[in-house]
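Presented sequentially are two complexes of chain A, the first with chain B as partner and the second with chain C.
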Partner chain A sequence: MTLVVAHTRRSYRSYAAPMVGLGSFIAFVLLVEVLIRIGALNRFIIPAPSEIIASFGRLFLEENIVQRFIFTAAECIAAGVMVTVCGVTIGVVMQRFSLLQRACETWVAAFASAPLVLAYPLFMVIFGRNAWTIIMMGFFSALPPVILKTIEGISGTRKVLVNVGRSFNLTGTQQFWKILFPAALPTIFVGVRLGLIFALINIVGTEFLINFGGLGQLINDLAERYDLAGTYAAICFVILVSVLFFIVLEKAERWLRPVD
Partner chain B sequence: MAETGRLRQAAVAAPLLSPVTLLRVAIILGVLAVWEFLADSGWLYRDVVPSLLSIGRALAALLSDRNYYFNLGVTAAEIGAALAIGGTTGLAVGLLLGGNRFLSKAFEPYLYYLGPTPKIIFFPVMIMWFGVGPESKVALGTLSCFFPVALNVAAGMRQIDRVLIRVGESFRATTAQMVSKIYLPAMRHPIINGVRLGFGFALIGTLLAETKLSNKGIGFLIIQAYSVFDMPRMYAMLIVLFVLAIGANALIGRLGGLDRIKRT
Partner chain C sequence: MALAQASADAILVADDIFVQFNTPEGPITAVDNVSFKVRPSEFFSVIGPSGCGKSTLFNVIGGLLGQHQGVVSVGGETISGPHKSIGMVFQEESTFPWRTVVDNVAFPLELVGMPKGKRAERARHFIRMVGLDGFENRYPGELSGGMRQRVSLARTLASEPKILLMDEPFAALDEQTRLLLGDKVLQIQQQLKQTTLLITHNITEAVQMSDRILVMTYRPGKVKRIVDIDLPRPRTSEIVSSEAFGRYVAQIWNDLREEANRGMRDEEKHMLNQDERTA
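Let's look at the complex of A and B:
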């Protein structure tokens, strides 16, 4: 009986904090609604949350948000595939030739801290105002973490695994595909996850900035039409998509992580 | 004597330039040669890849232009304000969440999942709230900077050695004393790391906002160069900007002692 009570208390405690978080969020939304209705907040600057919720239906029916989402997702997948293939290949080559790694690894790290997204006008000149500019912005911003984590993953392969491969007289190719790559896969995926997050951020950002493509363009369009409720609803939709994308990648990373 | 001989031999045998330096020089020269070849080839539209000479000239003109320094000052002030506001609020929220498990469980997931969303999409909202002037750019920079600082500080606070906290408690330190004497000194590296990340995000947020809607600042100059198709000037501005951003990033890390952390 005491055990059951203790267990109930513990489970109640574990739910209490998230409930307080959710409750605070709902209370905040209700407070904003009340403040707007009594005129304390200007509804021409901040639309009422009820109006934002109501405009979601309009986004689906009139603004083709599903097609726009598919467009942005396709850009992300294209950038993701390119960055995985190129990033992992470059990382493997750099790790294979230590001189190349020592010469270029700091450059790749510096490249990661460069504000590459600011070069979007340059990409527009090179690729034109089309999906390729957006995909390439996503690709280049996602490249450094994939390269760096591939190098880290392969370099961090346990010595005992490499020795097992040697004792079986594996060729270099066999050693790579059967020992090094599988052992490095969880770390490589950390890089791919980070890269995909950077790619999504830059893809939606570039869509917004160049007014072309999927979800980013929708926000820009709605803002230019001064459709406040629609703009806020579209921003909420993008946040929701980003959070879901982030959670899925996190789950995939956990699934790939070896059990200790 | 034998030792001296060995030392002298080693000194003679040491190459003037290490293989790494030679390879770096070779890569840089190779890239520059390919660039110049592409510029001369006519395969691409004129000025998409301008010659190195014209980029060099544009760089010299840019660095001797007083108007450029005025715009650089505007952008620097906006980034500084964003970093100060976003960094301070991020620090306070991070300390609060890192020091209280209940609050952390209640609110940190929201920060954790909102952190990696693209902040530039909030720019229309910032314009409506703060107008088209520098305030909206500072606001976007602040929003971009807040999340990495708060999350880093909260994570750093949880990693503080329990012994240090018990020492503070056994001396009956007040909350203010605990923050100033225990928490902040023990969390120097996570805070500096957060500030470094926050600086990068504030810079991107502010400059992107300037490229979207502004009449001064480096972002405005970049988009102006694009609109008149002055490619050498655009390349020159991007080079200076990248050098400044990478340099500032490294400087913050060095000042905070991040380069002296021993990695095990």
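Let's look at the complex of A and C:
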């Protein structure tokens, strides 16, 4: 009996927070709707939520949002694969040669906080107005966290684990693949997750700026047509997709880290 | 006579080990003039107060510490780095969190290129030996501290070392677990006739398990005495209540008390000095 009570109480608690979150979101949307209807907010600046919801259908039927989504997703995957391979390799090499690490770590960290998106004209000149400019923008913005987290993960390997490897007479290569790398993997994955978030933001942003490609260009198009409801609906779509993407990544991370 | 015989068939010899660390407060002599010999199948313990240099000695014998003077030899061969005849169990938790229990224990077998099926079977044998059957496919994160320490022990045993070298493997565990694990280790040691060098600061543990105990002094860590423990085998934790056992414990505690006292005073002084400096 008490067990049942305890159980329901716990599940009540675990649902309470998301419920309150969702509830306040819905309340906010309703408030905006009401304010627009009574004319307190200008509907030519902020379209009514009901109009935004109504335009979703249009995005699928008239604007090929699914194809555009696939285009953007492909750019993200390309940038993600490149950044994982290059970022981890650079991180490992930097960690191995401490001179390189001491020389470059600050630069990489500074690079991480630079507004890279402003450099898009340079990328256009180098790669042209095509998907490569977009992918490279995503790639470079995602690189710093992957490098920094790789260094952190490998340097942070517990000394006793390294000593276990030494006591078993591991070679340098074995020491890396059997101990340092697996020990660093959870931290590296945090870097990759951060990197992918940066890549996604920069990819959609660049698409918007150079008016080329997938979801970013769609937002640009709709805004230029002054289709405000459509623009907001497309933005909501991007937000929804990113939230879903991050949830999946977080789940994957937990699955990768079965213990601690 | 006894010594000559001991040196003739000693499997592990430490000769005049000396280790000094350079610290910001000047050099610290952690181990000074430590010599001893371990015979095959012998259970040899090193006991001393906290901070007396036991782990340092452990690292020297394991070949992990380069900066020492003196010679360690295994079967007559001077070691210069980790030796394959020595298997180490560390003071800190040292299982691989990304491997299951069976993969942890199979680690040394994987290194020598044993095929997968065979090494899983071998690993299971050692997992049974430490009493962890049923937990083969768990990850260390799902186990208690005592179980993880047993995984580390099984992993080291799986490499079938001639000499098992352990640094306070049960120090972080509660008293009951420690006693039961002590029984387990004794049982395994007798079953495998395993030459064992145990480092500990626990007197009962040392007397319960050892053939001989080396008592270390505090700063510098020197040999205070080597005590022969003449108690019948096989032993279990029940021996703890016998009269002879009590005499040995009292004798070693007598030796250690001075050292532990000196250690505590030293640490207090050190802390006071630091306070003065920061004030």
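Rule of thumb we're sticking to: the second predicted complex is superposed on the first by the 237 of 260 C-alpha atoms of A that agree within 3 Å, B and C clash if a C-alpha of one lies under 4 Å from a C-alpha of the other, contacts with A are read in each partner's own complex, and residues count from 1 in each chain.
The rule we apply is simple: contacts are C-beta pairs under 8 Å (C-beta built on N, C-alpha and C of every residue); 3 or more make two chains touch, one makes a residue touch a chain.
Keep in mind that this is a model prediction, so the values were computed, not measured.
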item: Fit or clash - chain C, chain B, common chain A; value: fit
item: Chain B versus chain C as contact partner of A:V85, first or second or both or neither; value: neither
item: Contacts of A:V20 with chain B and chain C, given as first, second, both or neither; value: first
item: Which of chain B and chain C A:L161 touches, first, second, both or neither; value: second
item: From chain A, separation angle of chain B and chain C (C-alpha centres, steps of 10 degrees); value: 90
item: Contacts of A:L30 with chain B and chain C, given as first, second, both or neither; value: neither
item: Most chain A residues touched (candidates chain B, chain C); value: B
item: Partner chain in contact with A:A40 - chain B first, chain C second, else both or neither; value: neither
item: Distance in angstrom between the closest Cα atoms of chain C and chain B, superposition on A; value: 13
item: Footprint of chain A on chain C - complex, ascending; value: 62-64, 82, 84, 86-88, 90, 92-94, 96-99, 107-108, 111, 139-142, 159
item: Chain B residues within the chain A interface of the complex; value: 19-20, 23-24, 27, 48, 102-107, 109-110, 113-114, 116-118, 120-125, 127-129, 200, 203-204, 207-208, 211-212, 219, 222-223, 225-226, 229, 231, 234-235, 238, 241-242, 245-246, 249
item: Touching residues (chain side chain A, partner chain C) in the complex; value: 158, 160-161, 163-164, 166-170, 174, 178-179, 182-183, 185, 258-260
item: Residues of chain A touching chain B in the complex; value: 16-18, 20-21, 24-25, 45-46, 99-100, 102-104, 110, 113-115, 117-122, 124-126, 197, 200-202, 204-205, 208-209, 216, 219-220, 222-223, 228, 231-232, 235, 238-239, 242-243, 246-247
